[in-house]
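In structure tokens below, several structures.
First chain A sits with chain B, and in the next complex the same chain sits with chain C.
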Partner chain A sequence: MKELSLHILDIVQNSIKAGAKNIEIIINESTADNLMTIEINDNGSGMSKEFLKKVKDPFVTTRTTRKMGMGISLFEAAAVQCGGGLDIESELGVGTKVKASFELMSIDRAPLGDMAETMMTIISGSPEPEYLYRHTKDGKVFELDTVQLKEILGDVPLDMPEVLSWITGYIKEGLAELNI
Partner chain B sequence: MKSLAELQAIREKMLNQVNLRKDREDGIRVVVGMATCGIAAGARPVLNAFMSEIEKKNLANVTVTQTGCIGMCRLEPIVEVYMPGEEKVTYVKMTEDKVARIVTEHIINQKPVNEFTIGAAE
Partner chain C sequence: MKVSELAKALDLKVITDKGFADREIKSCYVGDLLSWVMGRAGQDSVWITIMSNVNIVAVAALVDMACILLAEGVAIDEEVIKKADSQGIIILSTDKNSYEAAIAVHKAAAI
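Coming up: the complex of A and B.
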């Protein structure tokens, strides 16, 4: 995948399929530490210890169309190729945490890409869970919390086109303030 | 600058028309495959192009939804169009550039764009 934001879109689909009600996407960029981290935390069904052990193997999947699942393996490869790595913690009935780290300035690090489009795509595809997207860069923070948006919107659904356009614009402008 | 106050204004404007788009009997559905294979092949910009084209042309009876892996990963991005009373049409190897034609010719004028369909690709 060309962008880290595409991996995020892909990994969040796992959280949604695991029935998560709350999904957090936490991105941290620190120039001083030359470090970027991406965390995706959910309170979905979680994985058994046995499944967790083999989940990074591309020949492991929960889907039924074929016996391969590339999502986690590709995300790990994107991290490893620029001096980072990927950790997964998971507990059945509690949820899953996926944390990838990247050397921020590495020439082999894929660009973050379009996070506004990724969030809009996630929310339009599955508006039911609550999403918290927090992006920190060198101490400055941008945050989008669907709990807050739903409070403002009341009966108007999150996946109305006008609302989705607003979300895309809000994220684009918020990240631009952080020079992202 | 986009603000939460602006979202409040959208809410007030939308409140009167909330039920317009949801679950209409005569609704047209555009379904985009968004599993790992689709995403890696470029499904996200295709999905977003459909959403903005449909919003731009104000097509209230069209919904854009997502699905998982359709099982033909080498032909991704795959988009299925369901028109009421018609067989579904499957478009393969989709790009953003193809979206405007599908919206105008197929969704509005009801003539599928044959050259982009799975029949033409296989």
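Coming up: the complex of A and C.
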């Protein structure tokens, strides 16, 4: 995929399909360590040990579960291509953690893409789970937490157009402050 | 064949500065893995790719390519175009896929 945010969207869709109530998207960029990491953690249904073993294999997983799993192998390929890798931990009934790492400066590293649009797409498509998006760049942190947001909004739903547009703007401004 | 002649012959869209410094095309290379292209594409080449992030400008500058030819009409950010203009890199675009574009370049430029 041409942008890493498309991988994030894909993995988060897996979390949503797995019935997760809480989904964390944690991105860390460190210029000093030449490292970028993207973590997606959820408390969805998780995977069995047997399934986890073959989740990175595009052939096995696509055949038995249709689309799911292909996303993991593509995400891994994107990471390996620029000197990184992908780790996945999962436990049935507990949840799944996916962590991809990239050489930040690698010429083959796809750009992150538009995280504001990505979060807007995720939240408008599935407003039920709680999302935590935390983006750290060289020590500076931006955070969007829908739990806090819902406390402020009260009865106003997250997927109202005005709220979604506010969220998009808030992320854009927040990331701009981190020079992203 | 010059870049301007190729653009005309293949009806390519010039994405970067229209008043570019014209140059001779000596070869053609097709590829999307930037690190791979960097080590293999030749100087004065037309590079056909579907990649459109800012790193393509760095690759073209480093290799001293004649121009970049974006295949399949892929979208490109304004920021990348600005970077290319600042580096004197010419970016062209076609709706053809990489294979069809390479054939068209071969036919037109006899390379």
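Convention: the second predicted complex is superposed on the first by the 170 of 180 C-alpha atoms of A that agree within 3 Å, B and C clash if a C-alpha of one lies under 4 Å from a C-alpha of the other, contacts with A are read in each partner's own complex, and residues count from 1 in each chain.
Throughout what follows, a residue touches a chain if its C-beta (ideal position, glycine included) is under 8 Å from a C-beta of that chain, and two chains touch if they have at least 3 such contacts.
The structure displayed is predicted, hence computed values, not measured ones.
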Requested in this report: Please tell me, clash or fit, for chain B and chain C sharing chain A in the overlay.
Outcome: fit
Query raised in the report: After lining up the shared chain so the two structures overlap, which partner does A:Met105 touch, if you call chain B first and chain C second: first, second, both or neither?
Result: neither
Query raised in the report: Which partner reaches more residues of chain A, chain B or chain C?
Result: B
Requested in this report: Would you check which partner chain A:Thr118 touches, where first means chain B only, second means chain C only, and both and neither mean what they say?
Outcome: first
Requested in this report: Please indicate which partner A:Leu9 is in contact with in the superposed arrangement: first for chain B, second for chain C, both, or neither.
Outcome: first
Requested in this report: For A:Val94, select first, second, both or neither according to whether it touches chain B, chain C, the two together, or no partner.
Outcome: neither
Requested in this report: Report, in whole Å, the shortest distance between any C-alpha atom of chain B and any C-alpha atom of chain C after the two complexes are superposed.
Outcome: 11
Report summary line: Both chain B and chain C touch chain A at residues none
Query raised in the report: Can you name the residues of chain A that touch chain B in the complex?
Result: 1, 6, 9-10, 13, 63, 65-66, 69-71, 74, 114, 117-118, 120-121, 124-125, 148-149, 152-157, 160-166, 169-170, 173
Requested in this report: Show which residues of chain A lie in contact with chain C when the two form their complex.
Outcome: 2, 81, 106-108, 110-111
Query - List of chain B residues in touch with chain A within their complex - result: 1-2, 4, 6-8, 10-11, 13-15, 18, 21-22, 34-37, 39-40, 44-45, 47-48, 51-52, 54-55, 64-66, 68-71
Report summary line: Within their complex, chain C touches chain A through residues 33-35, 38, 51-55, 58-59
